[in-house]
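Okay, so subunit A shows up in both of these, paired with subunit B first and subunit C after.
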Partner chain A sequence: MRQMQSHNLWLVAPAALMVGIFFLYPLCFSLYSAVTLDGGGFTLTHLYKAFDLYSKDMLFTIFIVFVSVSILASLSVTIAALITLSPFRSLVGLLAFLYRLPLFIPFIVTAQMMRTFLAKNGLMNNAFIESGLLTPMETISFLGWGGIIITFVWKQMAFSTLLISGAMAALDDSQIQAARNLGASRFRVLVQIILPQITASIGIAMVLSTVTIMSVLSVPLMIGTGTPTMMTADMAFRVNSYGDYHVANALGLVSYCICGGLAYFYLRQNLKDKGAIS
Partner chain B sequence: MTHLHIKDLQAGYGKKLILNNINLEVRQGEMIALLGPSGCGKTTLLNALCGFIPLSHGEILSDKRVISQLPAEQRNITMVFQSYALWPHMTVEQNVAYGLKVKKVKRADIETRVAELLNVVKLAGLEAEKVTALSGGQRQRVALARALAIRPDVLVLDEPLSNLDAKVRLSVRHEIKALQKKLGFTSLIVTHDQEEALVMADRIAVLNKGQIEQIGTPEEIYHHPSTAFVADFMGADNHIVWPIQDPGFSLNINLPPDDLSIYFRSENVSISLQATINNELNQQQNEGLIINGTVEQSVFFGNSYRISVRSGKHIIQAEHYKHLPGKTPVTLHILPEALHIYAADVKSSVLEKN
Partner chain C sequence: MIATQKQYYFSGISIYSVRFSFWLQSLFILLLALAMFGPIVNLLIWTVTESWYFPNSLPSQWGFKYWLQVFNPYSDVSGSLLTSLLIAILTVVVCLLVSVPAGYALSKNSMPFRVFWMLLFLIPQAFPNLTVYMNIARLFYDFGLNGTLLGVVLVHSVHGLMFSIWISVAAFSSTDPMLERASRNLGAGPIYTFFHIVLPQAAPGLVASCIFVFLESLDEFTGTFFVGSPNINTLPLLLYTASMEGNYQIASITALILLVPSILFMVIIHKFMKPEMLSKLGK
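The block that comes next holds the complex of A and B.
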């Protein structure tokens, strides 16, 4: 029995080692660095400095994440609902193909694409000018917080729609049909029958999107206009301009705390689904 | 009075046509069973009726009003699904009351109607229970109460008993029938179980490959199947093609000289040991089909034994009150009225001698 247990240990050892070396060690070192002085010893100086210098950016990050995730939730649910409930099956097939495309485009390419699309003299404004809807003087640039939100929503929509439409597809069709032949409209079916049964999946899609949005550097750098900016840009600035790993890690710790709170929800829901907790 | 009228209906999924030229009239308060093997189009017919799939051709009338162009939510036809399709995030009461809330019925009236229905389906006291906490039989009754709550013009039941165990199925079968008689709702029930159809339905429509093969009362369908398929599906488990060049078989009925397909049930086969056969056959004037053979197998079936008798290349199934040892020589006799005879090449032109 004991020999079998040691065999099992050896089986998981390579994977555990990889996780330890490439994930746990850097994470622990980063957290350690955020609360220690150069010569060693515990300190909260770096955290105070991070809050002192970048509290506006922290709020800005939370604002971007909150607005992006809210828009993302409503758009993803709408698209998934159209795919599940629309009677126009050929249009649904096209929509189901199109919404997946951003999944295969990296963030940096998306950011570059949006930069040329949303700028004052970008593709979007040029199209408006060409169609006579705007004059060149009336155009405005969407680079800034609006552009960051548009980019995050555009990029993450495919992922969250995939999760949500998967959850909707997993529901028994007859549950939807039962509501419809009792007189419920498609909208009522969505609100009263489908959404209450997939709230956990929506929550998980939004938590995972939040973590992704909080960790992207290219979008705030390429679409943002300076200050305020997102915490990832601040971390890059502290490291590249000052070689200040302590404050960068302190900012990382704040990001980690925000994501950790949300990850708690994700893990708890996962365990609940598997019946580990009630 | 015709309550539901299906005219020349064609329907399917995408380009695949499943139902072809379905014509059916359902009278007020009648229960019709749609009976047929898997894949014959029974559930597709219910889906077309409820508006879940579009018709390729034909129309559906409810009380002389054309409903085939209406969306599902406006047809007032409710379904009890095979999987029950209860909503797990709602209680028993919320499930049953849902249709009434959608129709904006007053709260007091909803409460009265739900209480009344839960009482009828014997679920009073379980209003606040989550449906996931109920047994299969109880869920089935919640689904029935939910479908009846809005007083539908027609209730359709898609294999409602197939997920229940044998004992519960028997009791629920009688409960549904009693409820239908009591409340007088018009209904169609889909089943592949012939016994279920015989017990529950006022009339049975037997479907095969998307078409109705025969429609009639349970007695008509059972005793006078109009096609070879219906005879076979309704339990005529013995089949021979006549003429047979085998001295063990003799058929004493006046028939045309064509090739014939003959079906009969094992329960209608009487077995005589060959020593006593002559006297018995004389009494019956030798009418019907007589087969001489030897017992090959005898299997206990509870209230009888199922005897397999070999005669030449043929194996005939018969039921007998006692066990017969293997290789016992026997004579089988099937009376003319128990034989279902069809032209072998067409299999639908009736040549019954009933």
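The block that comes next holds the complex of A and C.
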């Protein structure tokens, strides 16, 4: 038995080595590079410089993440709840098809769609003009913070709704039936029976969405307007224009810290779920 | 569900409120449909636009001029398409080679530190990966891997590893251990048993994992942006450059090319992508 176990370790080793060399090592290196001088000593100057130059962009990033995740959470819960509780089955089928549409559409394609759709003379404004809601002079371009939020929500909604409606579908149906039989309205069933049982899933969906928003480079580059911009764009700029890895890594450190608290929750939840099963 | 419906009608709520909530939900779905299809339709219009200026609501000139440009054998697009496909296929191969043994080993509950290994492969998805790509690019530069096909394939593989390993673990877990034991009892070796008994049972799941890795690699932008440029020009990089230059027709046609495999595969694995299935993943 012992021999078989060591066999199994050899089977996992190549994959583990790949993650170790090509992910964990660069990850540790970025942390190290953020707080050391070229010669070696410990320093906080890179962090100071990062805060000095980019504190506005950090706040902007936090703002974008917060607003996008809030909209995502409320939209995803609404759609998932409609799918689980709506008495109109034909509408539910339509809704299930609609929300899954962007699931496999790449971010870069979404960014390109939105770049043309949300522009001052994009299809959205043109539709408003044609329907008489706006005159051509009143239209405004949504490229900027609004566009970034719209793009992230549009793309991430499929994934987070899939996770949340999966959690709702896994619930015991008899509880919902019992609550309904006792006279609870559908809204009350959602708030008092369903939501308390799926908070972990909502949390995981939101953490994963946050990490995604903090990793995507194409959206702020293609939808953003320059300043203020998201930290991802700043990092790319710092590296490509100045070759300044220290400040870029210091910015990376800050973005880890923003995600870190959330990722902690995510990993702990996962550990708890897995620990209970295996 | 029929029971719920009946109960709804008999629960004393007036027919008007049922009608009202039906129209309210229909309105919500209509708005959602407009929001979902609006950008897609806009992209499709741009692919057949020859000129579209303010204040025209629709293009003033339609045509396929830019399609001819894109599918010209000397254009960048056909070259990038081949590079992208080559990278995606190589990434799938690397991921399969690494994740089939790992997935098989991790599907056994006797595996020591199983939870630890599973979490290890989740890490690339739990951290913002832009900083990591940046530093990989710096590392690769020292080894001469920057701007090479191998470098890009490695970066894409690490990114796809989470999907391929988690899905293969699920695939191998669903195989019947009794068949494996029977095969061994009848005198077959472990390698023969694996390839003739275990692997065919896990094949559908492995195919699904390949599809995921293929799509992830095809659509990957950030890693290629740091590691591949300027020598390796994949479709997403081409799309980005075209879009930043204001060449919206070329960018839209490239985007449409990227959309085709995504939609194709979505239709194929539609059966696997039920929310109920997703909640079982990784167990």
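Note that the second predicted complex is superposed on the first by the 264 of 278 C-alpha atoms of A that agree within 3 Å, B and C clash if a C-alpha of one lies under 4 Å from a C-alpha of the other, contacts with A are read in each partner's own complex, and residues count from 1 in each chain.
The rule is simple: a contact is a pair of C-beta atoms (placed from the backbone, for glycine too) under 8 Å apart; a residue touches a chain by one contact, two chains touch by 3 or more.
These numbers come from a predicted model, not from an experiment.
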| item | value |
| --- | --- |
| Which superposed partner A:Arg180 touches (first subunit B, second subunit C, both, neither) | both |
| Comparison of subunit B and subunit C by subunit A residues contacted | C |
| Contacts of A:Asp172 with subunit B and subunit C, given as first, second, both or neither | first |
| First, second, both or neither for A:Asp52, with subunit B first and subunit C second | neither |
| First, second, both or neither for A:Phe29, with subunit B first and subunit C second | second |
| Touching partner for A:Asn249 - first (subunit B), second (subunit C), both, neither | second |
| Subunit B versus subunit C as contact partner of A:Pro196, first or second or both or neither | first |
| First, second, both or neither for A:Asp38, with subunit B first and subunit C second | neither |
| Touched partner set for A:Arg188, first subunit B, second subunit C, both or neither | first |
| Interface residues of subunit A shared between complexes with subunit B and subunit C | 177, 180-181, 183 |
| For the subunit A and subunit C complex, residues of the former touching the latter | 1, 4-5, 7-9, 11-12, 14-16, 18-19, 22-27, 29-30, 33, 78-79, 82, 86-89, 91, 94-95, 98-117, 120-124, 126-127, 129-130, 136, 154, 162-163, 165-167, 169-170, 177, 180-181, 183, 207-208, 211, 214-218, 221-222, 232, 235-236, 239, 245, 248-249, 251-252, 255-256, 259, 263, 266-267, 270-271, 274-275, 277-278 |
| Subunit B partner contacts - residues on subunit A that touch it in the complex | 172, 174-175, 177-185, 188, 192-193, 196-197 |
| Subunit A-facing residues of subunit C, complex | 1, 3-5, 7-8, 11, 18, 22, 25-26, 28-29, 32-33, 35-36, 38-43, 45-46, 52-58, 97-99, 101-102, 104-106, 108-112, 114-115, 117-139, 154-155, 157-158, 161, 165, 215, 218-219, 221-222, 225-226, 236, 239-240, 243-244, 248, 251-252, 255, 258-259, 262-263, 265-266, 273, 275-279, 282-283 |
| Subunit B residues touching subunit A - in the complex, by the definition given at the top | 50-52, 71-79, 81-83, 85-89, 98-99, 102-103, 146-147, 149-150 |
